[in-house]
Amino acid sequence: MATLGLIEYKDASAEVRAIYDDIMTTRKTDWINNFWKALANDPATLKRTWNDIKQIMAPGALDALTKEMIYVAVSVTSQCGYCIASHTASAKNKGMTDAMFRELMAVVGMANETNRLAAGYQIEVDEQFKT
Amino acid sequence: MATLGLIEYKDASAEVRAIYDDIMTTRKTDWINNFWKALANDPATLKRTWNDIKQIMAPGALDALTKEMIYVAVSVTSQCGYCIASHTASAKNKGMTDAMFRELMAVVGMANETNRLAAGYQIEVDEQFKT
Amino acid sequence: MATLGLIEYKDASAEVRAIYDDIMTTRKTDWINNFWKALANDPATLKRTWNDIKQIMAPGALDALTKEMIYVAVSVTSQCGYCIASHTASAKNKGMTDAMFRELMAVVGMANETNRLAAGYQIEVDEQFKT
Amino acid sequence: MATLGLIEYKDASAEVRAIYDDIMTTRKTDWINNFWKALANDPATLKRTWNDIKQIMAPGALDALTKEMIYVAVSVTSQCGYCIASHTASAKNKGMTDAMFRELMAVVGMANETNRLAAGYQIEVDEQFKT
Amino acid sequence: MATLGLIEYKDASAEVRAIYDDIMTTRKTDWINNFWKALANDPATLKRTWNDIKQIMAPGALDALTKEMIYVAVSVTSQCGYCIASHTASAKNKGMTDAMFRELMAVVGMANETNRLAAGYQIEVDEQFKT
Amino acid sequence: MATLGLIEYKDASAEVRAIYDDIMTTRKTDWINNFWKALANDPATLKRTWNDIKQIMAPGALDALTKEMIYVAVSVTSQCGYCIASHTASAKNKGMTDAMFRELMAVVGMANETNRLAAGYQIEVDEQFKT
């Protein structure tokens, strides 16, 4: 069970409800996932985290789907079960096809492999990469 | 210094040279970075790793630049100095602008933060994410 | 199921029971958690690990609660589910309030974020930090 | 060299200077460390990160020094060289003695060890920890 | 549930069946574990990963059991639940005794501890180790 | 520079010298590497860590070289530069050939790759692995 429990909409303060409303409006959904219900135990963290994510994940130089797939890549590397489940679902909602998922996984696996080969062989950074 | 040293083109076997040539042709460059020169001490690993990367990083459902940025995201999460330097350079070569890099970093940082919030609050995966 | 199973008090050797007794006495509890029951399959590791923890977690320049919260911070960063559950419970037993837990999580999340920003931007250590 | 370079105070925009000023005022120092000079290439990230850190690291249910030591614990677990150097220096500035540092390191090391023992022995979470 | 589901032998394409057959023949078993059934959603990744593992895990300068225990050591350090379960089972099949498992865990735990002590104390690499 | 500096033999207390002597005798060398000189700032940690390592790394069900290679595998996975350098040197001293090192690296890289594929595809543990 979540350490401090989950706060449902009906039990939430006005401050928390306002953020829940903004999440649902921004994401065009009618429900709140557990991540936010758990953070709602700390309204300051809920607000800060949501505002940060809203700013960071908005389309910019990178589109929303690319950002979501990067989020999945990090979550897989960190072995965060909840995050893998939630951000894979988000990426699908934003248009990630099965073919894209398969290539995403292949890159993430490969990168984790060569991250260790580079460290294990104690390879110096090339001068060309230092500029 | 690299554990087993670096193998320069002029000192390489025909087998290794063939891979070096393929790397330079595929990447349209005229030099080989240290990663491959270190792996060349193990021709089987050099060959396997290059063939895997060549297959995985080729444009498909995801374009080459998106794949390279995912590679950077993993390398940053894993704290691999060599890989951050080399794949950031590769991403720039493939068209990553400074604006794209800044957004990439913002997403990677944010994902690493929420990966720990989700774990630390011991949040159960929502039923909606399990399908 | 635990790889080598769990060893209950009634099935334990005298050597293992002595450590179980010391754990319960030191922690002022009347039960042994699964971590120790699993390690009991390797009495040398059980003994060494318990003696190390007993020494390290005793109040010193840092009080016992601060040490327990640091333990939680590491466990969350490492994504160890068992350790997050057990050390969060321990920290609560030692006086961690919900407010303290919320701030602990906020710091852990933030640190994991900036750990990647610092690596990703390839930032050199300031001379002022090298003394 | 930092990927996008470092932005010195004299070269900074008014927006960035205002944050630099706030950092120096808040921390009672007369210089800016490289982390912020690197982030200044992305004013939105600079501003968001500084505001988050300022909020999170302020004394609350946990004092400022405890928070800084937790930051060090995470940075060490993540193997972030820059962060270890900078936050160890910060912790010293906030009053961390050598004795406190030694105990901090002992706890961080121990936690990383048992994080793997718990995972490796595949230990189930005790019912008592699930409430 | 696995993101893209699991592909059973009876539902597999001829290409996938050929790999399943090779896995069972090479490993002298009559069933396929979920890892391969999940990867079968991406035949290119299934084929590449199996061929790589078959090459890498074959006895050479290191025997098959030693390789399998190294695989467990990495999986435990990475906190990959599936991999710990599957490679611990594989190691047992290849002859790992309980005594070997206990020593393996002790080394993995210890290494993770000193990995952080070395980083946290910011220890420079000795000249003697640089050759 | 090491956070608390390095303590040379000539400047060490009798207690620390006794441990330095035991390290050199046990390892049949005439010098002490920086890891121990840094830990010597905390004699309790120096003593505990050395005694633990001495016990754990002694030949048992696993030989000393196998243990040292497992140590390298963990250090590479954790991205600990100091530990990679020192334990690779130790493994060579204990008889690791270049061929063994190459295979060790191949396994470590592969395991890190599949650790992420298993997590990313959200693969359930097979019933057969749960006994």
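As written, the chains take the letters A, B, C, D, E and F, and residue 1 is the first residue of each chain.
Keep in mind that, in the parts below, a residue touches a chain if its C-beta (ideal position, glycine included) is under 8 Å from a C-beta of that chain, and two chains touch if they have at least 3 such contacts.
Everything quoted here is computed from the prediction, not taken from an experiment.
Chains that touch both chain A and chain D are the following: B, C, E, F. In terms of the stated touch criterion, the partners common to chain C and chain F are A, B, D, E, listed by label. In whole angstrom, the spacing between the mean C-alpha positions of chain D and chain E is 34.
Separating the centre of chain E from that of chain F, both taken as means of CA atoms, is a distance of 20 Å. Annotation: 27 Å between the Cα-based centres of chain B and chain F.
Counting partner chains per residue, chain C has residues 1, 3-4, 41, 44-45, 49, 52, 77-81, 85, 88, 102, 104-106, 108-110, 112-117, 119-122, 130 touching two or more of them. Considering their complex, residues 72, 76-77, 79, 81, 84-85, 88, 104-105, 108-110, 112-117, 119-122 of chain E touch chain D.
Those residues of chain C whose C-beta lies close enough to touch chain E in the complex are 3-4, 41-42, 44-45, 49, 78-80. Residues 1, 44, 48, 52, 55, 130-131 of chain D are the ones that touch chain A when the two sit in their complex.
Those residues of chain D whose C-beta lies close enough to touch chain C in the complex are 1-4, 6, 31, 33-35, 38-39, 41, 45, 49, 52-53, 56-57, 60-62, 66-67, 69-71, 73-75, 77-78, 80-83, 85-89, 97, 99-100, 102-104, 106-108, 110-126, 128-130. Contact residues of chain A toward chain E in the complex are 79, 88, 98, 101-102, 105-106, 109.
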